[in-house]
Amino acid sequence: MDQLLNKIIEENRYLTELGKVADYIPALSKANANDIGLCFIDKEDNIHKSGCHNSKFTIQSISKVLTLILAIMDNGIDKVLDKVGLEGTDEPFNSFVKLDLPNIKKPANPLINSGAIVVTSLIKGDDFIRFQRIIDLAKFITNNNEIGFNEDVYNSEKATGSRNRAMAYLMSNKGIIDGDVEGILDTYFKQCSIEMDVVDLARIGKFISGGCKGLQVPTINNNELTILLKGILLACGMYDSSSRYAIEVGIPTKSGVSGGLMGVVPANRGIGIYSPSLDTHGNSMAGLGIIKALSRKLNLSIFNC
Amino acid sequence: MDQLLNKIIEENRYLTELGKVADYIPALSKANANDIGLCFIDKEDNIHKSGCHNSKFTIQSISKVLTLILAIMDNGIDKVLDKVGLEGTDEPFNSFVKLDLPNIKKPANPLINSGAIVVTSLIKGDDFIRFQRIIDLAKFITNNNEIGFNEDVYNSEKATGSRNRAMAYLMSNKGIIDGDVEGILDTYFKQCSIEMDVVDLARIGKFISGGCKGLQVPTINNNELTILLKGILLACGMYDSSSRYAIEVGIPTKSGVSGGLMGVVPANRGIGIYSPSLDTHGNSMAGLGIIKALSRKLNLSIFNC
Amino acid sequence: MDQLLNKIIEENRYLTELGKVADYIPALSKANANDIGLCFIDKEDNIHKSGCHNSKFTIQSISKVLTLILAIMDNGIDKVLDKVGLEGTDEPFNSFVKLDLPNIKKPANPLINSGAIVVTSLIKGDDFIRFQRIIDLAKFITNNNEIGFNEDVYNSEKATGSRNRAMAYLMSNKGIIDGDVEGILDTYFKQCSIEMDVVDLARIGKFISGGCKGLQVPTINNNELTILLKGILLACGMYDSSSRYAIEVGIPTKSGVSGGLMGVVPANRGIGIYSPSLDTHGNSMAGLGIIKALSRKLNLSIFNC
Amino acid sequence: MDQLLNKIIEENRYLTELGKVADYIPALSKANANDIGLCFIDKEDNIHKSGCHNSKFTIQSISKVLTLILAIMDNGIDKVLDKVGLEGTDEPFNSFVKLDLPNIKKPANPLINSGAIVVTSLIKGDDFIRFQRIIDLAKFITNNNEIGFNEDVYNSEKATGSRNRAMAYLMSNKGIIDGDVEGILDTYFKQCSIEMDVVDLARIGKFISGGCKGLQVPTINNNELTILLKGILLACGMYDSSSRYAIEVGIPTKSGVSGGLMGVVPANRGIGIYSPSLDTHGNSMAGLGIIKALSRKLNLSIFNC
């Protein structure tokens, strides 16, 4: 297996040259475009690693999965779906072309930026508690107590996040989010700055695939939560290329603009990938090549069922 | 099992009152809004039927799956994807708001009307041969040689199909379809008018789930075709409610405005449903309730994997 | 004056190199890109001509002014405005991005293609009579009985008009136009193919400026018709660059993709220009430079009032 | 004349019942829906007043004309047009559906909210100086040294202006505005809160009509500035109903959501109207009826030229 991972990394390394490291957050642009890290955790909990699997990076949009879990735990799924949709979208992750149309009452889904800001606003607690609970959930799921957040990236996001700020003020204006906009944004920028490595990401994938065991979710059972999260990830996890990715890869996955991919592999398995060179949708270029190859070689697509 | 089917039908019958039979094709509007037919074919090929399972109806958009298979057989998947995308869309099935945007080079996917008209244009043969091949494929897959098409519905569609006609002329103008627009439309209106019952639909679902056995597909193997079709159906099969349906039901499915649902159930199984009262997206209202209930009761969602 | 016209033509001749002759109608693409013809008719009916003022060309969209006058004569202004708006638009002349939005009930205005097709459908008479009446009006206004239409251009438009055809079928589908779509389109393609020279165009401009004398308009007086036409031309006459043109030139004007410009100059004057090299909006490139220069040199802008 | 004004007010008073006072700024919602004030200043500087012409109100969007003049004085027209367009728009005044489209580089025109925020950012000076210069210009033009701003309305706008705030952050993100977003917004909210009566508004209209005498405009002469302002007002002054208004009324006008109308009447005349009950475009309902009646009765439309 480890040989296979090494081989797949090498076969896809050329892709790092074709993409571009995110540069709209200055602190992200410092990443090494050629880095590739990969971790696959199998059913029996064997951890297979390859490449720079020790590199830490901020998880960015992958944090939206954590906040979605917390918001469902706090409010029940129905209340969350009062505020965000379950619709795919053909708009980029950070677009608000649609959001201001008169017939649009909520963001398309919880995994685009606007939807994720709403989800963060639904987590119970003040700003301090909210973020504490997000990072505690990250520690619980990954079983890694050393997870923290990167203050440089957080400050950089906060200073340059005028697009997310615009989106939040628009949603405040439309009554989609309540409360202090700047406080919600602060939590959002912090959650994006949580740092992990690919082993942590693969653990999140395996945790969801395995049934979200150990979470206290008042309104639905943990198996239903798993099915729901897998569905949302498959339908919406890769921004506006979610449909194509679902068809071609078939693994419920969330990407982040730092170059991370967190894959929920059927049958209690998980994948974590890191490679910061991105395609135009904001997804890791080599990461996509690698997970596609893994899906084919190891029959990981849910459409094999 | 048959008792379960009966029970689920009864529990969802009230939904037929909440929807509306399609009225934009006069011949369709004559359908009995309260009809519900259901067929489930299991792994061992047992056929479970309930309700008015003998009713015949035109398959409408479900025919898009047949033409997609033929177009892939004739051209290979790559050439088909030169002409239609694999993107989800938040526009209705018959919209062309997007199609005329300067940066849009092809329809979003092969299962919205514009994409399906393109797919039909890619099938080899003249107009007569094209339709012959579509209906022959229908007979082959369902193993039912009596399948024909409804001439009244066909004439009604042809006389009132100004929206599809507009779409086809726009695509001709943009160079997306070649050849005689009226001839392509004629085939398209005919394929929509093919008549089946729910057993035939369930057979199509089981055929795809079971690996598309017996088809000669030059460029990909039949298992890859199966994975591809299941992916496309899950991502795009239910028009603009595809994402929500994928998450909530998890069965690759195609709907038609006559009220049919054709479900590709994991593990070599198939579902056919007929109930002509529709929701605002053009999907069968009671059909949705029934397939959702079946998915939960029998754990049919692919997200159970 | 004649010297001034010659000088302005020469100063703007370089612009013919920067634009492009319309090529989507094959018969139009044969025009000589460097031709410039100009005619200014003053208050006292002196005709000032310069350049190739004898060249004949099809009037294309300028015909929309003639059909608008007929439709108002036949139906009254209120009935016409039931079917087309008086709104500016930022979409190109032949777009239908907007036309399919659910909240859009009619084309933005009578001078974009979709609106003009509706206007043609409102003229009384069968297809033969309709066109006869349009060309009779052209003869009356220009006082030129030799005006006819170019059969080559008409056939070329008809054969390649799939975009206008698409638009008409969509409007038929939405109930905006009644009657035989192909017949209405036939009249529309014919009216676009009416041939004139710049003197004829200037006469149309002067006719409108001078109060539309001699027309029988049942519902409004001729002076009100003049004010209305001037307003519509200023607000909508130059497609999606109407606002900028209104501000910079200030002369109610209609352009055509053959390169014609018909200007309604305040105080009973008219301008006709022909130069077939177009900008990206479909307006004559040198024509725009010339009329802007004329407006400044001779204080022709209505904003001088 | 005064009798005519009284009569026209009475004939249009019923319209105050059909509209709605702006309620999105709490301090505005306190206005008396039935108030109507009217002032017409003629060529010879006779001031004709009727209704509650002493009522003071905040000028809201009418302030955009003042800031546009200052921005042109400070930067020249070309630099201003680098940052805002001269295009009409069919979107509401406060929309940003368009603003986030990839091909849109600047707001449509200087009189919609997004464009006006940009214009404010172009005025030279720090935040304090900027506002000082705006109010000084208001005093100069109206020859009224007592003009001030309403601190309650300003505070109310600032507290509830999340839509304008969103728009400004989006434009900051897109590089359309430079500098401190909150400071620019503060000036913008203040300029909207400048208080006047209808006589002051009519003086602004007459000032522009009369040639903007006394202003020091480095790059164009004052007559050109007048022509430019009249063109921009006619094409863009009434939000998305500008075209219809231009055609039906023909007076370059700017409206504000407090219910003010400032009309630039040809031949050195001006109109000021106040009536806070608004139509769905945000224009004064009775105000529209009154100015339309005045235009017809007194032949004020520029299309009479």
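In this document, chain identifiers A, B, C and D correspond to the written order of the chains, with residue numbering beginning at 1 in each.
We take it that a contact is a pair of C-beta atoms (placed from the backbone, for glycine too) under 8 Å apart; a residue touches a chain by one contact, two chains touch by 3 or more.
This structure is a prediction, so every number in the text was calculated from the model and none was measured.
Of all residue numbers used where chain A meets chain D, over half belong to both copies. The two sides are thus made of the same residues. Using the mean of the Cα atoms as each chain's centre, the chain most removed from chain B is D.
Note: centroid distance chain B to chain C, computed from Cα atoms, is 46 Å.
Taking each chain's centre as the average of its CA atoms, chain B and chain D sit 54 Å apart.
The mean-CA centres of chain A and chain D are about 46 angstrom from one another, to the nearest whole unit.
Residue positions of chain D in touch with at least two other chains are not found. The touching residues of chain B, when paired with chain C in their complex, are 95-97, 100-101, 162-163, 165-170, 172-173, 181.
Every residue of chain B that touches chain A in the complex is listed here, in rising order: 85-90, 98, 108-109, 226-228, 230-232, 234-236, 240-244, 246-248, 250, 252, 266-267, 301-305.
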